[in-house]
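Pasting a structure below so you can have a look.
Labels run A, B and C following the written order; every chain starts at residue 1.
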Amino acid sequence: MTASDEPSDRPLLEVRNLRIEFPTRRGTLVAVDDISFAIAPGEVLGVVGESGAGKSLTGAAIIGLLEPPGRIGAGEILLEGERIDKLPYEELRKIRGKRIGTIFQDPLTSLNPLYTVGEQLIETIRTHLPLGETEARARAVNLLEEVGIPAADERIDHYPHQFSGGMRQRVVIALALCAEPRMVVADEPTTALDVSIQAQIISLIKRLCRENGTAVMLVTHDMGVIAETADRVAVMYAGRIAEIGPVTEVVKHAKHPYTHGLMGSIPAIGHDVDALTQIDGSMPRLNEIPTGCAFNPRCPKAFDRCRVERPSLMPAGRSSVACWLYEDEAKEAAHGG
Amino acid sequence: MAEATIAAEKPAEAGNGNDMLLEVDGLVRHFDVSPPFLNRVLERTGRRIVRAVEGVSFSIRRGETFSLVGESGCGKSTVARLVVGLYPPSAGTLQFEGVDISSPRARRENPTIQSRMQMIFQDPYASLNPRWRVADIVAEPIRVHRKGVSRTDVLARVGELLRQVGLSASDGEKFPHEFSGGQRQRISIARALAGEPEFLVCDEPTSALDVSVQAQILNLMKRLQKRLGLTYLFISHDLAVVYHVSTIVGVMYLGRLVEWGPTKELFGAPRHPYTRMLLDAIPDLEMSGRARIPVAGEVPSPIDPPPGCAFHPRCPLASDRCRQEVPKAVGSATAAVACHAVEEGRLPPWHGA
Amino acid sequence: MSDTTSRISDNIDRFFDSDVWWSFKSSKVTIGAAIVTVLIIITAIFAHWVAPQNPFDPAQLDLLDSSLPPVWYADGTWKYMLGTDDQGRDILSALLYGSRISLMVGGASVVAAALIGVTLGLLAGYLGGSVDSLIMRVADVQMSFPAILVALLIDGVARGLLPNERHDELAIWVLIIAISLSTWVPFARTVRGSTMVEKNREYVQAARVIGRRPVAIMLHHVLPNVMGPVLVIATIGLATAILTEAALSFLGVGVPPTSPSLGTLIQIGNNFLFSGEWWMVVFPGIQLAVLVLAVNLLGDWLRDALNPKLR
């Protein structure tokens, strides 16, 4: 709330013209193509898109965990004004626990099955904070209590497999927050969980980040989760940002034809329709991205220019949209303001 | 055996008035996940039985969509597999148009019934044989059930089926890996329709798909249901999808149906505390800012379910009776709820959606 | 007709566009190994055209040319490039004919072993339960006998049962049975493992719902999807089978000296090693080593190329 009202002059994280590519034997595939966005301190930015839209890759690039052969082809990533995309592995690793925490989809892969939860928490805390063994343990117990694990002082000595899926994801959240990072990258944190657990985890992430003023980049395919959690949303399509803006604006008054179709295709309880709005076709494969706007073959409103020239993000209302339909509006706004 | 003789008399009755296509009564399925005998002796442990389905009864009317909804591990997928005969039930009966098909033997004796039901699976990447061409995949039910059809006729029918699900006839020459997830699910549907079934069991057919593709598949399934007069058993964990497609909804928790009823009634005025909890947990797209009651606890293991009502450890209304006695479903065949609190009138009014 | 031909050409196009072909083209060692293997196989198959003489035709042998050294020695001649043995046989020709027998025995035993192993593995993996236990216990017992012991046993039994004059003509079959009986287990184990994974995949469940019989499902659905590892084991198994055949022939339970394999040649040559006529043993030895190495390299490449993790 407070964060989105008055963004501070320097964003916490800034991504400029990021391009992620995969060299293959049939040429270089561009998975993320020239995207830019910023996250203010304490802000929750949701990144939505369908599988293959490049949202997870963007998250991985920020924390420096792009899997080879994927690589950053162009652009820069700045954390508190400092470039982090060209850092050597060791320094990046330090940033990754201390200043950026990470939460992944599958809690099992983020926890080492051979160590107790406590050992992993204490090790991470002591790597990043100047604390002794007992102080670190006390902090670990505190953290586990904070993320809602009952009997934390006892459970701290248990192994990951002794926790249920939802509890494990809580441990992962504790692990991500233990060095008090300024920012958390959460990649599909609730996708592997049941609906009732999902709601618990979402409200937990929201509460913790509000209390600590931590910024969150929340990567998910679930519009519902975004609507509940995020301050702003970036909608990705075929490696590009189609639309970015305040969550109420994007969810209720979607501007880009893709976002519009996407919102209409979500079934809702109490919303009686015979057929859902559907966007025909599917997202193009990386080697078949059309020229011009990547969405043009599926777009009901496409015109000649969309097939030739790629639109960049232009202001429209309180959002920014990469769509030629809004060019006039953007120009007027520029002249008027 | 006794059931078989009774069943033999039933079809006449089924013809006039009784339009129940599938009737499931007291269905039970346990899985033995015990370690091998020697380990059990050495480690002094007993058998470990997963009680996946623990007495489920429902019936599906011709042309309707019956949905089973619940969280992972509640047994809904097992019910689907019991219905199509992938597992034999441990107890209980299954009747298709009044004919008993509970045992594998009964199924073998009624091959026409098996050919009238088909299944659509969850994972479009695993449900098509990667080494087969799409035309062969779609043609498989035709070749199995309608022997002696000429090759050209089969190919013509395959082309027709592919067009029916929104693909082109020439796609038959390709292999599954050349298609996206949504297109593969269309191929799955074409294969399911190839044997001209009346009854389709759909096990989470859209949960592996993106929302925009999910909309395409749901629309397609609805269109096909209307055109071909299909009956669906629809399995899903997504309440919004279930609301969109179903006529009747059954809510499962730890192997039991806790509440069922016509879709609008169930979602408009849910009675079982678990149904209410599920509805409350859905993220709010309307952003009305309604405060959600966070639900505590998780689904217990079906190996060692709690005594009494299985939901009692998470239920805000649990009483001593709930902890001891399994509640019976109270209501009619079309709408019922299995909850002591409802029975005793202790249920607070629903806040409404 | 045109339909099938277009399908075949389509399949060929698919192969040359595939990752397997790509990984083949980008590995020099593999290309080398393939060239060597193909060369040995072709010269072996067409030995009666390629070889300078037929070493088994007594009319072509000249005792006056016996025990000649290779060509680079003073008394060597171009007629016998790699020298001759004590009966005037051209070593090069004997080597080509010997490779033919080695490859035939090796190939036939691998095919037989694969047939046994794949069938039993499919049954064990798909049916499970007591069938599985029985087959896998038999496999365990089989694995505890060395191949040579099995071969000696079968050879002994065969010799006891069959009349003396038929020993030589049946020797090759005894060898093939012995080798295949001692090498089917890896096929069975691998196929069983893959089958157990595949049978729970949804496409197999779909086939069951369609109403296909278990045998049809095993043959048409499961089998094509477990053949990748079988191909790898078969390739490496070919190398092993050729070596086993050589060892058995060296020990004298293999093919008869009248139609010598590489192993037999090495055994014969071994007798002359200490009299200075080293070429009789060294050249067959080199041929055997090169063949086995090349086939093994091909097998290693195939394993990597078919590994889905690396694709």
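What we mean here is this: a residue touches a chain if its C-beta (ideal position, glycine included) is under 8 Å from a C-beta of that chain, and two chains touch if they have at least 3 such contacts.
Since the model is a prediction, treat every value here as computed from it, not as a measurement.
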Taking each chain's C-alpha mean as its centre, the one farthest from chain C: A
Chain pair that, of all pairs, has the most C-beta pairs in contact: A-B
Whole-Å gap separating chain A and chain C, where each centre is the average of the chain's CA atoms: 55
For chain A paired with chain B, centre-to-centre distance based on mean C-alpha positions, whole Å: 33
Centre-of-Cα separation between chain C and chain B, whole angstrom: 51
Parts of chain B lying in touch with chain C, wherever the complex brings them together: 81, 84-86, 111, 114-115, 117-119, 121-123, 126-132, 140-141, 144-145, 173, 188, 191, 195
In the complex, chain C residues that touch chain B: 10, 201-203, 205-212, 221, 224-225
Chain A contact footprint on chain B (complex, rising order): 71-72, 180-183, 210-216, 218-219, 222-223, 237, 239-241, 243-244, 267-268, 277-287, 292, 294-296, 298-299, 353
Of chain A, residues touching chain B in the complex: 50-51, 164-167, 194-200, 202-203, 221-225, 227-228, 247-248, 251-252, 261-262, 264-270, 273-280, 282-283, 285
